[in-house]
Structure formats: structure tokens, C-alpha cells
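Two complexes come next, and they have one chain in common, chain A, joined by chain B in the first and chain C in the second.
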Partner chain A sequence: MDSKSRIKFEILKSALAIGIALLIVLITILLISEEPWQALYAMFIGPFTSLRRFGNIIESMTPLIFTGLSVTMLYRVGLFNLSMEGGFFIASVAATASAVLLDLPPGLNLLAALFFGALAGGISSLIPGMLKVKCNASELVTSLMLNYVLLYLGLYLVVNYLRDASMNANYSNAFPENMLLPRLVSGTRINAGTLIALLAVAVVYILFHYTALGYKITLIGKNARLARMAGINVGSVIIISQLIGGALAGIGGSVELFGMYKRFQYTGLPGFGWDGVLVATVAQFKPELIPLSAFLLAYLRVGANIMSMETDVPSEIFSIIQAVVIILISAQAILKKYQHRQVVKTARQEVLNNG
Partner chain B sequence: MGNFDLLAFAFSIIRVMTPLLFASMACMIFSKGGVDSIATEGIMLFCSLAAPLGSWMFGNCWAGLLFGIAVGILLTCVFGYVTLFLKTEPVLAGIALNVLASGATIFIVYCLTGEKASTQSIASSTLPIVDIPVLEKIPVLGDILSGHNILTYLSLLSVLVLSFFLFKTKSGLRMRTVGENPDAAESVGLSIIKYKYMTLIIAGTLIGMGGAFMSMGYVSFFSKNMVAGRGFIGIAAESMGHGMPGGILLSTLLFSVADALAIQLQVMGLPPELMQLMPYLVTIVAIAVYSYQREKKRLQHA
Partner chain C sequence: MAQDILKMEGITKIYPNGVMANKDVDFSVREGEIHALMGENGAGKSTLMKILFGLEEYDGGSIFYQGKKLDKAGSAEMIELGIGMVHQHFMLVDSLRVYENVILGMEPVKGMVIDSAAAVSQVSEIGRKYNLQVDPMAKVGNLSVGLKQKVELLKVLIRGAKLLILDEPTAVLTPQETDELFEQLLLLKKSNHTIIFISHKIREVMRICDRVTILRGGRSVETIEVKDATEEEISRRMVGRDVVLQLDKKPAEFKQTVLSVKNLNYSNQFGKPMLRNVNFELRSGQILGVAGVEGNGQNELAETIFGLTQGATGEVLVNGTNMLGKCIRSIRDQGLSYIPEDRMTLGVAKDGAIWENLIPDRVDSPNLKNRGFLSHKKITALSDELIEEFNIRCRNKNQTLAMLSGGNMQKVVVAREFSAAPDILIANQPTRGIDVGANEFIWKKILEKRDEGNAVMLVSADLNEVMVLSDSILVMCEGEVVAYFEDSSKVTEEELGLYMLGLKKQGVREVG
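And now, the complex of A and B:
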């Protein structure tokens, strides 16, 4: 199948997956709601009814771009390292520590916090990667366990070293005013973090398309044995890719913190890492499609929140969309017959043209 | 260590071990039958909601347990269908199911009770506590081993039954063959689908009992995200125990000791967060050490 009809096929499959997910949501709403039409209006039109709400989409899209990129980076080398969830969290703790404890001049303090966030995220993903390369330990298992270690470590640090004693909850001291990322559009919370996210998309795109490292990562992901025979140091490429993947989640955690909050206030893992799996799956693990897929996810989530505020349908209905879309888009057997017919058609055409 | 009660401590180890043991046994069956086990976490959460709902709907705790098991089997079969027939990447499908469980359970609880946090407002019963005759009279042993929830005994029994099934029966051998090498199994005329579904049904039953223990034994209601990583610990224990029932039991016990110790040390004033972190850290270190030794052996042989 040529690349044009392959793209057509992928788009058809994604549209089908999203369509089926929305159909299930539609049926669920019709079944449980006493005001189904208001609910549907709130969910699908609601996000576009005011500037503030549209701003909500852009704000929620930002961390999703980072974790989507992170998952893409971690996965394309062929590993199932799920530490982006804990990495995002521990990075925001590290960034908080840097912001609250270090007394640096304005500008430098933000850079330092982003650096420590990236470092914390990078180390988090590096651990399962290292254990995989050095001990052949399943990165899936170690990263799942590591997420809990990072959660409790982070909470320990916040409660014992960063907590604002005047607050009733386990919140950190407030960040210095000059660290908060500048807001770009008045009346919304859209901030410079979104620009940093788009910059990260460009960097990852360039890495995959124009650098030897990106090529090696993709090759190892497709065929590690071939890569090894071609003389690539598979172990070190895996380790670097995991470090970068974790760092992306880490920057995401710090950017979210300084873009949206005035102090650290998570009490559990925020779940952006798992969302990143959906974002990356919908984008077919292509960095250039991540912003689009993050936008789509953010739109549906903001819509679900508006619906739960205005009607009797809880926002958790969103998880149905998330699950159905991941499963159907990554299902290889769906539309196989259609794909097969296309292949046959193209081949026949070619024979006719040549003969 | 003034008021440290060793007997109560040993009792609590067995108590916290119950859901973990069900999860690890389910992961063992998944692994033997060649099905990915990452969805254990989410399916168990669904079951821990289904069991009290069943008990409330049918007004009977056993019906609740059966309903939990039925939901477990249904969902493992859905997962099996999606990964085996639709050929979805199992890890992605598992993550999808886990995310779905965490949202959909809250959704269902909200639709039924108007609250999002728990099913405390619904009248559901718990499964009975069993005092084992003779054993309960023996000092020390009786204090530790008797008086647990019936599911605790079923979880221990499942280790024996599954060991026998896997290694001493024809079906068990065939299931392992299908899991290890489906092509070879098919070439000698085994029905792959039959043994895959056998795997899914057994694992679903175990997960259902584990989920039911959470909300009808450990506590008497469902609360959101109450499984809290126990399904993942099952995967880790399976990996640590090298897929052997005895090894998996020991790994699960190790985790439970660390967990019970963490609870105990918190009571004695040590930082709770660091104590909660311990069992997971122990698991990572144990898997790393074990994998390192296995890899070294492999390289020596090569």
C-alpha cells in the first residue's frame, strides 16, 4: 500500500474509533440523564461558548503535549516504561523545592526550577531503563512500582520540608511571584507554558527526522536485533531515549506547576502520564501529531467538565471515550478487510497500468 | 517496642496478603496461558465495586461474591477478545482498561448514590469470618491463622489448587503449552481458543475474589480507587517469583510483611510516607537482583 492510501486508512481508522467512542457516550447519556440534550450541548458546544472556556482547552492541552511527547519518546525505542506518571509528579516536587528553597535572581530561578524538574523526570525514567539494559528486568513492572515510590517520596518531601505551616492542607509555600509563567491572553489562564510545549514538539520532531539518534531509536524500536547487527550500541541508545522521555514529562510537570498554580498542591498522582498514553496513541506516536491529539483530548475533557457542572451527567464519562479510543485505534485487526481490499485494488491497478 | 503485639502483627500480614495473593495468582495464570496481565489492576477495581452492588441488589453476600466473580470473568474475556482477536497492543489495552475502571466505577457509584467517593450509603453485607475448629484452640497458631475472612482461606487454597492444576493435570499442561508456544500447540491439535478462554476464566475468577475481598472483607463498602496498585503488585510478584506458585507465594508474603510492617511503624511514629514507599522499593530491588542473577547465568551459559 502506498503512503497516501496508508494515511487515508489511518485517518479512517482514527475517525471510526472516535466515532464509536462518541456513540457509546451518546447512548450512555441518553440512558442515564434526565436532560440529555442539554448535556450533549454542554459537552460538545460548551467549550466554545466563551473565551474563558476556550482558554481552558489550551491550558489543559499543555501538560498533555508534554506527557504525549514523553510517552512517544519512551515507547518508540520499544520499551514499555510507564514512569512518566511518577516522573511528572516528582518533577513538580523538585521544581517546587528549587523555587521555594533556592534564593536565585529572577529569570535564573525559573530556569533552575525547570532544569531540576527535567532532571528529576529524567532520572525517574532512567531507572527502569537502566534496570532493563543492565539486568534485563521488565521495565513495565519496575516502572509501575517506581510510580508509587515516587508518589510517596514526593509527599514525604512536601510534608516535611516544603509545607506551608500556615495552610490547613499539605500545600507548599507560595512560589515567588516572578517565577509564575506569564499569562498570554487576558481573561484566560493561557500562559507561556503552551509555547514551551510547542517548542518541545519541534525539538522532538527534529530529533526523530533529522538526527542519527532519532533514526537509531526508531530502528531499535522496529528491530532491535537488526540494530545490534548494524553495530548500534543498543543499550546506550535505550538509556538516552529513556532519559529524554522522562525529562519531557519532568518539564511538563514543572511548566504545569508555574503556569497554573501558585503553590504545590497535589495530594496524589495527577494522572497526566496515563493521559499521555492516549495522546500518543491517537497521534500514532508521531510527534508532529501530538498537539492535535492533545487538543482533541483537552476539548473533550473540558466539555465533560462543563457538562458535569451544568447537568446531571458526571465528568467521569470521559474515561469511556479514553478507553474505547485507545483500544480501537491500536487494534490492528480492525478494518483489516478494508485494508486488504485496498491493497488488492492498488495491485490490480498497477498490473493493468504496466500490462 | 513497648506495646508491639507480635500476634496481631502476624495476623495482619495474612489479612493484607489476601487481595495481593489473588492478584498474583491471577497474574500467574495469565502468564502461563500467554495473556498479558496488566489489566488486573482495573478489572479488580471493577470487581470491588460489583461485589457490594451484587450483595445490595440480591440481598445476599454470596450473590455479591458471585456477581463480583462474574464481572471479573466478563472483563478478562473482553480484554482477551480485544488483545487476541482485535490484536490491540496488550499494554495499551490494559492501560485503557485501568483508566476506564478508575473513571467508570466513580461514574456508576454517582449514578446510583449521588455521591462520588464510596458506596457507604448502600446496604451491602460482608463475607463471613471463619474460625477453624481445633486450630483456633491452639495458642499462637490459632491466634494468627484462625478467624480470617473466608476469602483469605480461599486465597491460600487457590495456591495449592492452581499448583496441582498447572503441573499435575492434562488441562494445566495444555494451557501452559498454548501459553508458551501457541504454534506448537496448534500443530499437535490443541484448540488455542479453548485454552485461552480457560486462562481468562480462571484469572477472572481469582481477580473477582480479590476485588470482592477489598469491599466485602477488608472494609464493608466500595471506595474510589480502593485497589490502589494491588493489581500491579500482582504482576511484580509473578515476575519476582519466576512464575512458580511457591515463589509467587513467597514474593507476595514478602510484600505483605513490608506492608504490614509499614502500617505498624507508622503507628509507632515513623514518617508514614516513607513507610508506605518501602514495599514498592523492596519489590524493585528484589526484581533487579533476581533479574541480574538470571542474566549473569544466561551469559555464562552462552
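And now, the complex of A and C:
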């Protein structure tokens, strides 16, 4: 099997996973809903029925692109670091602190906030990465635990240092007007953050395809021992990749904050990091496919919300899609028989051709 | 004439990576004979036997045993039927005793516990019967390779096997141990056991086998009576052409010392000393062969010199600078390059494309870049050049490495390490598990390196390879250098065998 038919096979697998997930959703809706056809219409056609709704897709796609890129970066080196969830959150706290506490001139204040967001996100992912490299501690375990540390640290900082005393909730003081990202399409909340996200896609794509660092990251993910034997400093490449991966989630957290909100309002982990795992998995960890997969996910989520507003089907149905897609794509054994049949066919063909 | 005990017809096997390992193979064995299965590495011998033993599924053909057709079954059923297999790599638990290994899975019990006394006496009895003398109470980890192989044979015989499959049983044995094994096999033949003997060493096959089936490129070529055949005939059928087993080797010209190892000591992660006070020198223009029974420190020596181990003491002087404990990058920058023992773990990334596997050591070099960014044009040019020069058979540089044959994968490793233009090449088992064509090619490349005035340290478990290629030979036993021969042509395989086994040892002065 050459690389072409391999790609064909991978795409088939992704499509099949999404197809099966949608089929399960369809059956569920038919079973539980008293108005199944309206529900399906609301879910699948609903997102395209008005500009505002289409705008919703683009808005929710933006943070998903960042966390999808973040997961791609963290994962390509061969680590299962899940700190992008906490990183996204703590970055928005850091960006809030920068916006509220530092009195910087316009333009510079936004840059500073994005920088501190990226830094906070980067450090969040760096910690499990460091522990892995230096102490061989499982990054999966440390990053999951770290997410709670980051959540409560962030809430503590907001409540004690950033809270707006006049509000009846744990919201921060309002950001300066001039820091909010400009809206691009009137009647929607589509903002400049989407452009920053697409820029990030381009940067990560270039990193993987045209830099020595990107090559090393991918090689370590494929065989770290070969990389070491070839003279690559495996530990430092892993650490840099985790730093960049976390920083991407951090920029995502800050961009989401200034694109969609006027003040910090989270009371728990927003979940964009977890969604990033799904986005990156569907995109097969290829940066160039991340926008497409983020769009698909955002579309389904907006559709599920519309459905829950207009019909009797709750939006949690979306979680089913998420779970089924992840399970099916990560299941190695699926389509194995089919793949082997293809392999046998090609091999026989080749023997015939070569005599 | 004896009956066919086993018949395999039209066996076809395709691995998930698309390699067709067996193509319509016919193979039959008569009761009570020693039947050799020969072929180059990668000819499909091991695959065919794994299919017979139920370890691999097959995609076509049928198997008859004692006249009955076998359905696709696992190895448990095969053992039940009286088929036993001794694998090339021993399947033993090092931390258990001999008798515990032998009875594993069929333990005699007394109530709830294993009846050790009965087990020990069972094992000794079988050992006496077949003249396989091993102490049942010894820890397997402490046994020599030859004894471990006896344990494997015991394992098979105690389960009542009538048909024994031996997968390259002599690959890890010294000449003396091989002789002993052959006596035992002839004894087994007398007691009406049937033996399938997999090998690519023609001389051994001529010595003890009755018939030989030759595989080439996954197909069965022919089955012939050994007594009617000559060595040349068999080797021609194996390779499909006349092979020149002798290399055209120019006399060596030793120049200045480039690598000098002094008092090197190293213990592995379990605290077992693997290198004891190793001293030697390597000069440019010299191929220094390191011989020894596997596991006697040769691999650790190569890895320690290349910076792959930690905690070694002593000195590794490269052109006078001590490189012990330095990072691999700086060792490579000193002009060393390395062909690792196991290409799958250390040598290649099998999910990567060929080009990805050709550049890892030089990805930071400006030769592959254009204004700081990787230039795919330059990478393509380099890859195409190496694929051409090293005769890597593939569709193109983008093909995934896992799709290549073992020989071509090894050529990728060789292409990378040779094109790094090393002054000192450390080749650790450079031709293990590859076909004769690739083997010959790699030998020639190593000789070329030497003739260009570079130094080569060749570690190999294949005594023939050491004898043919090396200018000088160093023998290791239990982590020590036990012998050094400045001129390899002045020593015989048998003599090397004595040193490898630790039966002979040179004095300090001779070892130098």
C-alpha cells in the first residue's frame, strides 16, 4: 500500500466515524423526540438559516482552531499532554490580569495581554513536559492533575485580585474598550480573532513542513530512539514542542476573551481544550486540516444548540457525536480486515505485473 | 520409502505491510528425516514455519499433517498434534529455573501447588533419554546459549513432539556447540523424530540433512536429495545466480590511530558488568572485527563508544580527545557514525518516509536549507542521490519505510551513516537479517570506506562475516577482550571459537 491509498484509507476512516456518529444521533432523535423531523431540520439545516447563526459557527470555530493546533503540537512529539484545557483557562486569567492591572497604551496593551496569555499557557504545558523529560513521569497523569491546580489557582486570582466589586458574581473588572478585537461582519460576532487563528494555522503548517524543529518533532514522535542516535537533543525538542503547544492554547484563551467578552466570566474550565483533542484527531494531527475539522465540530455544536432551543431534543446529544467519533477514529482495529484485503489485492496485482 | 508426515500446498502469505512473504509454496516432509529448509534471509523460511506452527495466518493454500487436513489453528493445537518449534530467539524466562521453564504451562500438580519433585524428575528423565544434559535446578539466565538451546529442545520433547522445527538453531552457537547439537539431532532422528532444519549455512545442511527444500523470493524452488547435490548447486539455486563468496580485498594499509579505548568499564542497568577493562586501538585504513558469542559485551562496547550508554568509566579517545560521556551530536561531529544492531528500534522510523529516515543526523546542516527554512528541493536531490547510490529498491523517496524489505531498510540506514562521511564507522551487526544481494553490497561499501582510509569497527555475531571482512580481529568473552589478532588471516574459525567460549585466553601482553 503506497502513501496515496493510505491517505484514502485514513479519510475513509474519519468519514465512516462521523457517519456512524450521525447515524446514532439520528436513531436517538427518532426514538426520543415527538417532533423528530423538525429536530433534524433544526440541527442540520438550522445553522445556515440566518447570518447570525452562520456567524455562531465561525465564532465557535475560532477557539477550537487554537486548541486543535495546540493538541497537534503537543501530540506530534509522541506525548499525551492534556494540559491545553487548563492552559486555555489560566491564559485567559493572565490576559485579564494584564488588561485590568497594567495601564498600557492602546495596541500595546492587547499585545501584552496576548503575550502573557501565551506565556501562561506555555508554562502550563511545559510543566508536564519537563516532568516527563526529567523524571519520566507520565504526562497524561500530571497534566490531568495540573488542570485542577490551574482551575482553582485561576479562580483564586480572579476572586481576590481581579474581581469587580460592583458585580453580583465573580466577574473581573471590564477590559478597556480599545482592547476588544474588532468585529468583522455586522450582525455577527465574527471578529479579528478568526484571522489570528488562521494565521496560527499557517505558522504551524510552516513549522512542520519547512523547519528543522518541525521535522525533529515529527521524527521524535515516530521513533525517539532514532532521533537520539542521530544526534538530536530529544529532551529539549520535547520541551520546546510542549512550550509552543501550550502557548497556542494560551493565545486561543486570550483571543477568545477579547473577541467574545467584555470581562472575565468563566466559573469553570470552558472545555475548549477537550474539544481540541477531537478537532486534532479528526484532522489526523495535520495542521492544514484543523480549520476544516474545527468548522465541522462548530457546525454540529451550533446545530445541536438550535435544536435544543426549537425542539424537545437537548443539546447534550452533541456529546454523543463527540464520544463516538473519538472512539471510532482512535480504534486501530476498525477496518483492519478491509485494509488487509486491500493489501492482499495490491500485492497480488504487483506479483502479476512483475511476473 | 517413508510416508510424508507433513504436506503444505500452495501456501500464500501477505503481511499487513503488503510484503508477499510466501507465494504458492509447496513443501513436504517424510517421516523420520532431517529436512533442511534453505534460502536467503527474507526468502520466506521463517514465515512458512510460523504458518505451520499456527503463529501466522495464511491467505491461501492448505496443510496436511499425517494425512489429515489442518484447519487454521493456533500453536496450542499444533503442540497437541505433536509439532514443536524451537525459535531463533529463545522463548525462555531468564529468572526461572530450567525445570520451571520446561514445564511451564503443563505443570504437574499436587493439590493446589506445583509438584516440583515430580517436575524435576520428569525433566531429568527426558534429558537422559535424549542425551540433553542440563541441570534442572539451574537458573536459565546463568546458562550459556548452547545450554539454553537444550532447554528449548527439552521443552519441545517433553510435550511429546514428533515433528521438530528448528529455526536457525546454529546462528548463535560456536563451532563446538554446533557439533554437539548435531549429534543430538542425529540421536533424535534415530528415535524416529522428524526434524525441519532451517538454515542458510550450506555446509551444515550438507552434514546432517537428508533432503533440502530451497526457497527463493517467497517461492519454493526445488526439493533435492542432499547426497546428490553439491554446495555450489545449492547456493546457485538459493540466490538464482552464481555467488562469489570471496571478496576482492586489497591488502590493508594501517595508518595513524584514530580511536583508542582505555580501561573501559560499564555495568548495565541491572548492575551486571558488561565491559571489564577493555583496551584497544583502531587505526585508519583498518577494519577491526569484534567477535564473540552474542551477549558478551560487544553490543555494549559499540554503544558505549557512540555515547548511547550512561555510567561507563575509562577513556574513549577520538583523535586524542576523550569523548566518553559527551553527547551524541558532538561524537558525530568528531567524525563517528553508527550502524545500530537493531534497525527497527534504533535505525529507522518505520512510519516515516524514506527521505525522513535519510536526514535526521544532518537536518540542521545549511546544505538542506534555504534562508533558514528546509528546502524540499535539496532534500529531494539528496534522497534521490542516496537511493541511487545505495541501490535502495523503492517506488520513490516518499514511500513509507515499513513497506520496504529488511535489506532495503538496512540500505537506508547504511546510506545515511555512510554519507555522513565518517572517519570512524562503527558497524554493529550491519548485515543481520538481510538478503545475500544486500549483504554483498554492504560488504563492498564497508571495504570501500576502508580503502578510502577510514577506520571501521565491525561487530558481528556472524563469524564468517568477521573472518571475511576484518583485517584484525578482537574476541570478547564476558565483557573482556580475551584475544587480539593483528592479522585476521592467521587465525581459524575453530581457534576463534575456543576464545569465544572462554576456553582459551591470551595474556595481557598479547592482547595489547
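In this text, the second predicted complex is superposed on the first by the 355 of 355 C-alpha atoms of A that agree within 3 Å, B and C clash if a C-alpha of one lies under 4 Å from a C-alpha of the other, contacts with A are read in each partner's own complex, and residues count from 1 in each chain.
As a convention for this text, contacts are C-beta pairs under 8 Å (C-beta built on N, C-alpha and C of every residue); 3 or more make two chains touch, one makes a residue touch a chain.
These figures come from a predicted structure and were not determined experimentally.
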First (chain B), second (chain C), both or neither touched by A:242: neither
Partner chain(s) touched by A:135 [first = chain B, second = chain C, both, neither]: first
Partner chain(s) touched by A:228 [first = chain B, second = chain C, both, neither]: second
Touching partner for A:125 - first (chain B), second (chain C), both, neither: neither
Chain touching more of chain A, residue-wise (chain B, chain C): B
Chain B versus chain C as contact partner of A:215, first or second or both or neither: second
Touching partner for A:109 - first (chain B), second (chain C), both, neither: neither
First (chain B), second (chain C), both or neither touched by A:188: neither
Overlap of chain C and chain B interfaces on chain A (superposed complexes): none
Residue numbers on chain A that touch chain C, as the complex places them: 1-3, 6, 206, 209-212, 215-216, 218-219, 222-223, 225-233, 339-340, 343-344, 346-348, 350-351
Residues of chain A touching chain B in the complex: 32, 80, 82, 127, 131, 134-138, 140-142, 144-146, 148-149, 152-153, 155-156, 159-160, 274, 277-278, 281, 314, 316-320, 322-324, 326-328, 330-334
Complex interface listing, chain B residues touching chain A: 38, 82, 85-89, 91-93, 95-100, 102-104, 106-107, 110-111, 116, 229, 232-233, 235-236, 239, 271, 273-274, 276-277, 280-281, 283-284, 287-288, 290-292, 294-295
Of chain C, residues touching chain A in the complex: 14-20, 23, 59, 306, 308, 327-329, 331-332, 338, 340, 345-353, 356-357, 359-361, 363-364, 369, 373-374, 376, 395, 398-400, 403
